[in-house]
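Pasting the structures here.
Two complexes, one shared chain (chain A), two partners (chain B, chain C).
Coming up: the complex of A and B.
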C-alpha cells in the first residue's frame, strides 16, 4: 500500500443513472473491491475516464449509505461530457475521497441552515442526508434551494420528499419562470428566501454551496440577519489537477483547496483576497 | 573529509561512467552557457560553471512524465508507471541541493508521491562548492551559497586536488569502490572551512535584508502598486516558473495512441504565470489578472510555502532573472524594492 501510486485510480462500476436535466445526471457507483468509500460529507473524489482525463466531483450521497455512493455530474467539458455517455455497467476510475468535509461532530446539537444554489445541492445533499439519517443528533434542519428555472431543479423527487417531512423545513426558489413552466414556490435568487425564515443566530450554522458569485450575496444577507462569521460554512471550487496537494492549481493565496478545503469556515478565509 | 588528486578524480568519474550501472550526469558547457546532461567522458565536466540553464529538478520531476498507462480495449485496465533511472549527478551547487531538499518535503507531505521520491532515492548527488558566481545570483544573501547537507558527496576545489565531504553511506560506497582517495588532515579541513566561509561574500547581488523578513514584508505589501506596474510588461510566458528549481506545479493530461487502444496519463510542467493556470470549467478564472498571477509567484516563494512548510522557496539562483525577457522576474530586485517602499 505504501508504495502505491497516489495517482492510480481504483475501478468502480456504474450501478444506476438518474437523469435530472439535459446536462445533469446522478451516477450511483460501487467500488469493484466492494470497500466502502468511507468519506465524510463534503469530501470529493477524482473521477477518471481513461483516455479522457480526471475531474474532481463531490460525493453527493451520505456515508451512511455504505454499499454504493453517488455523484451528480454536470456536463461542461471533456471528462464530465464523457461521463454522460456512459451506461449502467460501465466503469470509471476513482481516487479519494480527498479534502476536508463538513464537521458532522461539531454540528451536532446545532440548527443547520442549508443554502444551495444550482449544482451546490450535490455536495450539500451528502450532509443533508447524513443529518436526516441521524436526525435526533441535530437541531432544526432548514433547507433553502435555488435554481435558475423550474426545469433545472436537481433531485426533484427527493426534494419533494423533504418538503413532506415534518422534521425539516425546505424552501425552494427559481430566478425566473420561463413561459410554459409551472412553479408554486418563491421566485427570486436564493438570497430572497433568507429574510422569509426565522432562525436563532446563536444556535444556527449556515452551510452554503453554490456558484462563486452566490457566496458574496448570501454571506452579506446572513450577516444582516445577525449570523456571526464563524457560523457560516462553505464549500469552494477551484481548478484541480491532482487532489493531493502537489500540482498547485487549487491554491487560494497560501491555502490548498484540495487539502485544507473544499469545506471552510468563512472566518478562516474571509481575509484571503483570492477566496471569494 | 577525504582528498582526491584531480587526475584521480577524472579517473573516478570515468569509472562511474564505464562501470557503475547508474547513468552519470554532469555539468557541461553548451555555447557560452552550462547544462546538466549525460556525461560521456570525465573531460566534459565543467565544475567551474556559474549556473546551469535548468536546475537538476528535471531528473526528478521530468518536464513530461508518465503516471499511468492503460488499455482501452478492456473495461478497466490501468497500471501505475514509475520510470526510474538511477542517476549519479555530478556538480550540483548548494542552492540547487537546498532546492531539492525543499521539493523532497513537498512531495513527501501527507500523500507520498513515489514518482518523485523513488527517483530521488535511487540517485546520488555529488555537489560542488561554487567557484564562479553568476551575475544574476544572490544566493550569498539567501543563506544558500553553501550547505552542510543534502548531498551524498561534496567537492571543494583546492587547486591540484578536491576535498570531498561525505554526506551519506551511498556516497562513501562509490568512493571506496571507484576512487583513489586519501584522508584530509586538519589543515585541509580548515582550508575548506575557510573557502566555504568566503563564498557568500563573492556575490555582488544581494538581498538587502535577512530573508527571514520576507513573509512579513510580502504580507504587508500584498496591495503594493509594484505588482501592477511590473506586470504590465509581463508576457505570461511562464519562463520564470520553468527554470526555477523550487517551482513544481504540474498539469495532467491523457494521451491516447492513434489506434485508440492504449493510452497514458502524463504530467507536464505547468506555471502559475500562464493565463489558464487557475481557470475552471465554468469559465471562471480565479487568477485572471496578470498582476495577480505575477504577484502569486513572489508570494509563494516568500510567504505561502514558508507558512506551509517553513522554508523560503527561493534559493537565489537567479535563473528566473536571466530568463525573463522584460526583466521583471528577479526576486532580488522585487524584494529589495518592496523593502525600500
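Coming up: the complex of A and C.
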C-alpha cells in the first residue's frame, strides 16, 4: 500500500483571475508539478486554502485545455470567500479530480441540450467546451442558460462567442431585469426557454446543471416535451468533505455522490429519496 | 479452522500475556449502567459480561478527533501527521462489533485506502468474546450474530473455560507462543459450545431476518410513525456516535492563536446535526428533523454490498444510549408488522 495519503493536496498556482460579478470569479490554475489534472468534464476537485479549509468545486474547463484548468468560484463559504482574496501567483492545494463526469463517449453522435441555471454553467461549460473542441463527433448543440439578472451572467464574453457560432444554438434568459439594466433576450426562468426550441426527443440528451429547485421544474418540462427520463443527465451538489467515499456527507442511501456521481442519469436517481 | 481451549484458571494469565502483544484495552464497568473499553493495568477489573461500551471500537481506528496536517499558513506549506501506531489489543469484542469493523474496512480500505485507518487497523489485535443478547440486541435479524473473519482469537464461553477459534496468523502466533495456556478441545466442550449457541439463539427477542427491512422502510416512509418518532428526537447525535458503523466526519482548519500556523483536523460528525446536509449558499438537503431522523434509518439499513449485510449490525447501541427512549428495533418491527417470522 502506498504511503501517500488520499487527503494530501498537490500545490497549484493561480495563473489568472477573471472577475465575472461581485461574488463570482474564474480562477485559472496550474499544478506546480506540471502533471495535468486529467479530468473528465463534470468532475470536481477539492480546493484547499491552508489554514482556512477545503471545499469541493467543479472543474469548469474542458480537458482539451491541457496545461491549466479553471474553476469558477462563488464567494459563499469560508474557503470560497478566502479564494476571492487571493491574487495571481498565490498558491492553493488541489486534490482530485473526483467522481464520475459526463460520459463523452456515450454522448457521441447525439444531440445535446445543455440547460444551465446560475452557477450551473460552471460544470456544464467543461462539457460544452469539450463538445465544441470535438464538434464533428456530436450532433446538435443547444445551450439554454438562465440566471437571475443580466449582471449575474457568467462567462459573458464566451457566451457571446457561442451565440455567434453557426454550429451551436445558444439561448439566454434572466428571471427579471432590474431597472437600469439592459437585456435583449428572454425574460423568465430557464424552463420558459424549453417550449421555444425544437428538438427531437429520440436523438436528444438533456444535460442539466443548476440549483436544486431548478431540477424539478426543468425535468417536468422536458418530460412534457417528450424527453424520456433516461435522456436526462444531471449533476448533483453535495458538500463532499473528502471526495473519496469516506466522510459520509454526500451519501444518499447506498450511493456516494462523490464516487457514483456527481453526474447521474435521472432514471438512476429519480426514486432515491432526497436526491433532488 | 483451528480450535483450542483455555480453562478459567488460566484466563488471568492469558490476559496478562496479551499485554506482551500491545497495550491491552478491555471493557471495564465505569458506573451502574455503563462500561467503557479502557487501557488495562489490573486484568481483574476486566468485565466479561459487558454487552456494550459507551464508545464503540471504531474509536480505536477512527478517533473522535485527529490531526491530519500541520499547516504553515504564511508559506502555504503543509505536512501530514502520519504516525506509526504501536500495536494494541482489543479484548472482548462481540461478533456485531467485529462485523462493524469489517464494514469500516470496506469503506476505508477497499477503494482509496485511508492510510491513517490502515495503520491503526494493522496495529490492532482483536480478541472476540461470545455473548448472550439482552432486549436491545438483534444481531440475529441482521445476520451479524456470528463472525467468520476479522479477529485473531474468538473466545466462546464454556462452563469451565473458553473454546477458542483461531482466526488469523497473529492469532496462531499467540497460541503457538503460549502453549502452556491452551489445551485440546474435548467432546464435552463441543457439546457445551453447541448448548451455548442454542441458548443464545433462544434469548433473542425476535426471529427471522431484516433482509427485507430496507424495502419495507422505503415503502412506509410516509407512515405517521415517522412523524411521531422524529418528534421525540432531540437531535443530539448520540445514536450515531455510539453506532459501531457510523463514520461521518467533518474536516476543518483550526488556526493557532498566532495566525501563522494551523492544523487540519477531522472529527466525528453526525447526520442528525442540521449542518450535515447543508451545501454552499445555504440549501439544506435535510432541512427538517424528520428528514434527518429518517436518513439514519435509511442509511443504517442500506445494503453494504461487499459484505452482503446492512450497515446496521444489530448491536442496539443507538437505542440503549438514546436519551429520548426512541427504540430503533421496535420501530422497524412496527413497520414490518404482519410478518411473523
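We adopt the following convention: the second predicted complex is superposed on the first by the 275 of 276 C-alpha atoms of A that agree within 3 Å, B and C clash if a C-alpha of one lies under 4 Å from a C-alpha of the other, contacts with A are read in each partner's own complex, and residues count from 1 in each chain.
Criterion: contacts are C-beta pairs under 8 Å (C-beta built on N, C-alpha and C of every residue); 3 or more make two chains touch, one makes a residue touch a chain.
Quick caveat: nothing in here was measured; it's all calculated off a predicted structure.
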Fit or clash - chain C, chain B, common chain A: clash
Touching partner for A:109 - first (chain B), second (chain C), both, neither: neither
Shared chain A surface residues [contacts with chain B and with chain C]: 3-9, 11, 50-55, 76-77, 80, 90-91, 93, 211-212, 237-239, 241-242, 244-249, 251, 253-254, 259, 273-274
Chain C-facing residues of chain A, complex: 1, 3-9, 11, 50-55, 74, 76-77, 80, 90-93, 211-212, 237-239, 241-242, 244-249, 251, 253-254, 259, 273-274
Contacting residues of chain B [partner chain A, same complex]: 67-68, 70, 72, 75-76, 78-82, 106-107, 109-115, 222, 248-254, 256, 260, 263, 265, 267, 270, 272, 277-282, 284, 286-287, 292, 296, 299-300, 303-305, 307-308
Chain A contact footprint on chain C (complex, rising order): 68-69, 71-73, 76-78, 80, 82, 107-108, 111-116, 118, 218, 221, 246-253, 255, 261-262, 264, 266, 269, 271, 276, 278-281, 283, 285-286, 291, 294-295, 298-299, 302-305
Residues of chain A defined as touching chain B within the complex: 2-9, 11, 32, 48, 50-55, 76-77, 80, 90-91, 93, 211-212, 237-239, 241-242, 244-249, 251-254, 259, 273-274
